[in-house]
Amino acid sequence: MFVIDYIKEVWRAVKSLATGMRRTLFYFTHHREIITQQYPENRDTLNLPERFKGEVVMPHDEKNEHRCTGCTACELACPNGTIKVITKFDISPEGKKKKAIDKLVYHLELCTMCNLCIEACPSDAIKMAQTFEHSVFDRNQLTKILNNPGSKIMEGVE
Amino acid sequence: MVEEIGTTSEGDLIINVGPQHPATHGVLHLVITLNGETIKKVEPHLGYIHRSIEKMCESLTYRQFIYVTSRMDYLSAHINNHGCALCVEKGLQVEIPARAQVIRVLMDELTRIASHELWWGAMAMDLGAFTPFFHAFRERETINDIMEETCGARLTMNYMVPGGVMQDLHPMFQKRVKDFLVLYKRKIHEYDELLTGNIIFQNRMKGVGMLDPADAISYGCTGPTARGSGVRCDVRKFAPYEVYDKLDFEEVTEQGCDSFARYMVRIREMQQSVRIIEQLIDNIPSGDFQAKTKAVLKLPKGEFYQQVETARGELGIYIVSEGGTTPYRIKFRSPGFSNLSVLDHIARGSKLGDLVAMMGTLDLVIPDIDR
Amino acid sequence: MWSFSQIANNVHEWLGRTFSPSMALFFEMVLAGIAVIGLFALLGLVLVIMERKVSAWMQIRLGPNRVGPKGMLQSLADTLKLLVKEGLTPDGADKFLFNLAPFIAMIVAMLLMAPVAFARDFQLWDMNIGILYVSAVSSITVISILMAGWSSNNKYSLMGAMRSGAQIISYELSAGLSVLSIVVLTGSLQISEIVHSQANGWWIFKAFPTVLVSFVTFIIAVTAETNRAPFDLAEAESELTAGFHTEYSGMKFALFFLAEYVNVFIVCAIGATLFLGGWMPFHIGNWQGFNHVMDYIPSSLWFFGKTFFLIFVIMWFRWTFPRLRIDQLLTLEWKYLLPISMINLLITTAIAILGWHF
């Protein structure tokens, strides 16, 4: 019958629309389901996983010593030329020349956080920090020198 | 003074959709010839986001070039990286540890679900329904959190390296994935309530954008686009890599050939991915997560090809090596490019509103098309 | 008891005592104009924030929550931003029509305010052809949209305007037919009489099945007439970027935006008046106590409550459904809504003649 089919069709259509509307009404009335994070307010409670790749840093201990030998493995591993190792020669107390880093220049603006430099580093001198608020007003501030001024290599790291 | 410009000699309207347009999801530029609301011709213009990734890869070593491929099809970054890693491993003849294989497959399937979630929300938005977009992002966000915890990034992870994966799984990984599966199963019926069952949606999708199986093959369509026309083309089935041949899952095909069939393929594929994850999540073998490889990788002289199934279809990676540390030539066969080429064929004669829906069901990622 | 009609009467009496009758009438008109513009601005602000909150909660978001307490001043900030924005007129546009179109949209929305009964005995103009006036004036909206689309000299705008023309003209039919069923039942086109006829019960309850059907068709038709999703083909931002107002910016865009929301308010007010009793409180048969309690709620509250409920329903549609295609839109009207409302009108007429309603 044409009329019955017609009415059935209309009924099915209305029912399918009502199902969707019931779902949206559910969320309209259940505010506990809201998943928005209020970002600048929750900055203190923000919990980034320890593996999060934010930027490359070089940890220093309390004696202002790092583990970087200046082997340039990270510079070679980097696909973008983000890291530039500038080496110098230290004169040890015994009078021997020893290669050490003068500056480890890190261009944050070029970095893609691929983690290849950290994988390549034989002495675990650099690691990824969990920062992510990198915006600055001047692009020059994104070029960073990772070793602290006056720092030197840790004892026993070759 | 209104001038008569932008019309053909027959008086048809020519409209530029894109490169900045809400429906093109990126910088795709379509030149559409319209007769009233009816489409007479669609001409895609490419190149707005061409970054010459293939050329870039030629100057990067075999370890370095993998990360660039995350930027092609950024929604299935893991799978792109996986393909590249597999291709390099083929040349190196390395045996990958069982644990790494399982981790890779788990990551691939999670990526596939995340990609299909985004597609679902974005396609609903193309059709004018905004709410599903946010609901899809709820589940996708959970996957992104899992990725962030294990791989350290949410979108371009660079987790696959030649020989295995970069880091071991996070201790919480299994629990998080199980939580996600619970959430996913609790929410999956909402997708049907909000969109699949909706009469407006079904009328918009059914019988629209017909793609014959023969045309799908001749245009080189792969992935859900071709499987919606009943073409069996899942790389995971016909050329299994890693542990896919040991897994129990179906190759999803639909016989409808229309937009709705392509929609249903993706919806059902998500469930198959969940099935794969369920099989693997409790059976991750112990052992190394990375095979021992040399510090400097050198592929022997020759040509190497590897295909993988991304969320959009078959991705082919073709490396020509001269024996050095960098590839001599690299070529990607990206699924988006072939899938886009079919757009003109299926859009002719349909309405302008349908074009947007069809582009939605083709699941185009523009950086994948341009590379 | 404090009420709108009392304030209006006091103002009227004071003006009558102080000025000559013609001056008093002039001042009353000015006051009414100011009141309408004030209501206009207020409605714009309230409805925009309401829409944003409703959409946010349906989409598991928080919505605006930064400007003012709980984000309630967000739309004020948006208005300020639109005010100071440059109103650009494209080079190839027909400048006169381009600038005229948003004002026509506004004026139509303002004209429609005239016969709406906001509270007991509180109405700008209780004309005896109120319903006819509403349906006649509301169809002028299409002229402003066509004008905007044509004069923009933009293909997206033109397509949006053409879609809108086809859409509004077809949906006028079923909106008119569903309104007619109430006219048949009351035997009057006057808004105040229609409201008074619902003193012992709203029409949606009094003539239950048929009026419910015409109520549903009315809601669908007015959603289409005001170009709201799922019938927002005139703007369809995923297809036509912004449809007929693609080229508008600044305050001219804001006028279109405002006119859309005020139109939604007016059609919901008309729907509430016709089917849900307007400002008439909810009464149940002979329950004197209950009816008495209901009478204590001010009539303006009843009116705005019902209107905002209908507005919520229309927003609810928008945030749930995908958009229709242009041919499906016309199919829905000509193959479903029109036959249904015609048969429904026939049955309603029979009910009215036979007196089978309460």
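Which chain is which? They are A, B and C, in the order written, and residues in each are numbered from 1.
Just so it is clear, a residue touches a chain if its C-beta (ideal position, glycine included) is under 8 Å from a C-beta of that chain, and two chains touch if they have at least 3 such contacts.
Keep in mind it's a predicted model, so treat the numbers as computed, not measured.
Q: Between A-C and B-C, which chain pair shares more contacting C-beta pairs?
A: More contacting C-beta pairs are found at B-C.
Q: Point out which chain occupies the most central position, where each centre is the mean of Cα atoms.
A: B
Q: Please compute the C-alpha centroid of chain A, do the same for chain B, then give the distance between them in whole Å.
A: 25
Q: Quick one: report the Å distance separating chain A from chain C, using the average Cα coordinate of each chain.
A: Measuring from centre to centre gives 51 Å for this pair.
Q: So, what's the distance in Å between the C-alpha centres of chain C and chain B?
A: The mean C-alpha positions of chain B and chain C differ by 45 Å.
Q: Could you pull out the residues of chain C that touch at least 2 other chains?
A: Residue numbers touching two or more other chains: 58-61, 319-321.
Q: What residues in chain B touch two or more of the other chains?
A: Within chain B, the residues that touch at least two other chains are 131, 138, 194-195, 198, 200.
Q: Among the residues of chain A, pick out those that touch two or more other chains and give their numbers.
A: Residues 17, 20, 23-24, 35 of chain A each touch two or more of the other chains.
Q: State the interface residues of chain A toward chain C in the complex, per the touch definition above.
A: Chain A reaches chain C through residues 10, 17, 20-21, 23-25, 27-28, 31, 33-36, 38.
Q: Along chain B, where are the residues that touch chain A in the complex?
A: It comes out as residues 60, 63-65, 67-68, 131, 138, 141, 148-153, 156, 158, 161, 166-167, 170, 190, 193-195, 197-200, 202.
Q: Looking at the complex, which residues from chain C come into contact with chain A?
A: Those in contact with chain A are residues 54, 57-62, 65, 316-317, 319-321, 336, 340.
Q: For the complex, give me every residue of chain C touching chain B.
A: 55, 58-61, 92, 94, 153, 155-156, 159, 163, 229-230, 232-233, 236-241, 319-328
Q: Of all residues in chain A, which touch chain B in the complex?
A: 12-13, 16-17, 19-20, 22-24, 35, 48-49, 51-53, 77-79, 112-116, 119, 128
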